[in-house]
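Pasting a structure below so you can have a look.
Going by the order they are written in, the chains are A, B, C and D; count residues from 1 in each one.
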Amino acid sequence: MINKKVNNVEEALQGIKSGMTFMLGGFGLCGIPENAIAELVKLNVRELTCISNNAGVDDFGLGLLLQNKQIKKMISSYVGENDEFERQMLSGELEVELTPQGTLAEKCRAAQAGFPAFYTPAGYGTEVAEGKETREFDGKMYVLEPAFKADFAFVKAWKGDAAGNLIFKGTARNFNPNMCGAATITVAEVEELVPVGQLDPNNVHIPGIFVQRIFQGKNYEKRIEQRTVRQRS
Amino acid sequence: MLDKNGIAKRIAQEVQDGFYVNLGIGIPTLVANYVRDDIEVEFQSENGVLGMGPFPFEGEEDADIINAGKQTITTMPGASFFDSSMSFAMIRGKHVHLTILGAMEVAENGDIANWKIPGKMVKGMGGAMDLVASAENIIVAMMHTNKRGESKILKKCSLPLTGVGCVTKVVTNLAVLEVKNNQFYLLERAPGVSVEEIQNATEGTLIVDGEIPEMIL
Amino acid sequence: MINKKVNNVEEALQGIKSGMTFMLGGFGLCGIPENAIAELVKLNVRELTCISNNAGVDDFGLGLLLQNKQIKKMISSYVGENDEFERQMLSGELEVELTPQGTLAEKCRAAQAGFPAFYTPAGYGTEVAEGKETREFDGKMYVLEPAFKADFAFVKAWKGDAAGNLIFKGTARNFNPNMCGAATITVAEVEELVPVGQLDPNNVHIPGIFVQRIFQGKNYEKRIEQRTVRQRS
Amino acid sequence: MLDKNGIAKRIAQEVQDGFYVNLGIGIPTLVANYVRDDIEVEFQSENGVLGMGPFPFEGEEDADIINAGKQTITTMPGASFFDSSMSFAMIRGKHVHLTILGAMEVAENGDIANWKIPGKMVKGMGGAMDLVASAENIIVAMMHTNKRGESKILKKCSLPLTGVGCVTKVVTNLAVLEVKNNQFYLLERAPGVSVEEIQNATEGTLIVDGEIPEMIL
């Protein structure tokens, strides 16, 4: 077993520098790497390019890096619900590349799996396809999208072990598995680091080979963005 | 004239037995409330769940189980969770049978715009561009006109497009329209709405062929 | 819940015709759809194109269809260990398209996920790339490979439910998940059909949306090709 | 001169701490037996397992747990199973650090042939074409000459290629060779084998630079 365990978030983020490109898992605030984000704020690295489906809310998630003006460019599919984001974008402080959600996921997966680029129908005939190669297959038009390139991927899992194996919970899975192994270094934080051998090899979502560093996360807030409930009848 | 729930109720009639359905944010989400309970339908949400159920009871919300609108949800027996790449495999691979989404504008050639108002609002497309580029059955839920009374059912979209030539049906507060041959075909009127009112609210080419029935809700 | 359950293999294979293209899961004899193969022999459909990593052995797996001369063309990555196969191939009775294993898997996955084609480095500069488009990305050469098109996919899972959800066991997983939803109709046979609600939604390998028909399989032989053991010391 | 186990033993020295390793069928499979036990290594098999262990004890074989050679195996703590697409994501994405495989021919430009003898033998490439097209560190385990005594270490492969310009090192029954600048560099001699014997058995350009040490096994 190749040991990926590091003791804490400080160790896990060694080598982080200003100007780097990061991938960050999560959908809205669900399944985001809370510990890594907090540490990035502390490290105060700047001029970052962040690949993440959303940009958090004003006071949580990637919103914390935005408030601190650490982000130069965001690559996301949906950035509503964040006033500071909107302000920085409309004023031109923040560069924004909006990418269809399925394309965003596959650009991660392509990087993980060694595909240089792929053809997708999403965005054909729209702004998103401007300047990109398009091509017809079987009478349908597709856009060529390159794989992402990133320095670090920060993902959050439910359970993990020192071999780097990961299991996600519910919809907190989202982009996290697709980002593992898609950057030079993948850092996984987990709610529960279990002894090696405890995870069923059949149920591992991400084999440890895709993860370089893993640590036991702390103090998860797991905020709910839209608390919707029904009445007991 | 229909309110949002009325639009959802009418769209629910389009959901057929055995359909996997993706519901967009807003009015489409309401559609789930009106689907006949004698048919088998499963709801997919592109953030990674198939087999969504109703909202949880108070106190039973789980931050790790949400839909694409970031709302807390529950799951039905037979549900599954998966990653984003697999979620869009379902969508791009045409395994999802019906996509219902909102729009700012729809054009008579089937174009749709719903993600950006240049210089004003840029929320992003989320999964909409993948959905409209892949689904063969796309129903748009929307208001027929904007707050200033201007038509959103157009000859040509003025806003940045989400997808081209993809919309098959539009259900608004005034009417049910089919999109075909670069025209809107009026299929049904909302209760109490006249053909003339619909014609006045529609900028795109509207075909009115014979007697137009009122919706049965 | 959309019910995919059918009562038996006969029902599951309705619509099968001579001349069709099939995908069949399995690696060697591990994880093959034994019930579906037996039924194909019984139905005696002919002129088949079979996409499967291997061609079975002389008296089991796809070897049974070969013995019966039902296969016109095989698309595989490795076809050793099968004398009848070799005889038919060298005599020209059987058309064979050899495809690198990773390319084979991805041609299935591309069909499942709606990608028309993809670029892979495998086979560049070899016979496999002859007549195919090649292209450079970042100084490395790639071959463009189209997605498969098939009429039926036959897969074998460990557990499944009437919603079509599947869980595989060990290395019997192999190509099975990649073939689900990659053909017009996917037929899954399972060792154990469990009541809906019993499979943990977190551990489902293939969501039911990719499966059209599912049935409880029977009489699994699960033959071992190379029984290798070590001595107790 | 080395036998198969000797070749495997020498190659095992190339396996470094923290390596994920893919072992081909034949001699490469034997390498696992000789890896130092004070380093951490994980073996990947392209049929869908990471963290392979030794063969099972008799009576404990599981038909559902095999390696790419279709042999029954066991798994180590921390192992995982996955589908073929993910398995080749590991390979194509360069997550596997070292690939060890057999060959029928190797050429001085790094070309390798190991899957087909036209008109005679066509077993197929299995995962070999993916492995050699992607791995940055490819070691070939092979006999230096064929049964007729003809060199398999060539200027140019005569058989259909498996991959082009990809082999970095060759370990044979006679020598360890590095493949660089379109030449074979002689690094080590097998015990009791002279430089001359190696030169005679090598058709490709062989560079012999200074004193060539004997392997330490």
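FYI, a contact is a pair of C-beta atoms (placed from the backbone, for glycine too) under 8 Å apart; a residue touches a chain by one contact, two chains touch by 3 or more.
Just so it is clear, the structure is predicted and the values come from calculations on it, not from any experiment.
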item	value
Those chains which touch chain D and also touch chain C	A
Per Cα centroids, the chain farthest from chain A	D
Centre-to-centre distance between chain D and chain A (centres being mean Cα positions), rounded to whole Å	36
Interchain centroid distance [CA atoms averaged], chain A/chain C, Å	33
Cα-centroid distance, chain B relative to chain D, in whole angstrom	56
Multi-partner residues of chain D (at least 2 other chains)	49, 81-82, 85, 88, 91-92, 134
Junction residues of chain C - those touching two or more other chains	109, 114-115, 120-121, 168-170, 201-202
Chain D-touching residues of chain C, taken from the complex the two chains share	27-31, 53, 76-80, 86, 89-90, 96, 98, 100-106, 108-109, 120-128, 158, 168-178, 205, 222-232
Of all residues in chain B, those that touch chain C in their complex	18-20, 40-42, 44, 49-51, 75-82, 85-86, 88-96, 134
Contacting residues of chain A [partner chain C, same complex]	114-121, 137-138, 140, 142, 146, 167-170, 201-203
Residues on chain D engaged by chain C in the complex (per definition of touch)	45-49, 54-58, 60-73, 81-85, 87-88, 91-92, 111, 115-116, 119, 122-130, 133-134, 160-165
Residues of chain C that touch chain B when the two form their complex	1-3, 109, 111-115, 161-163, 165, 181, 196-197, 199, 201-202, 204, 207-210
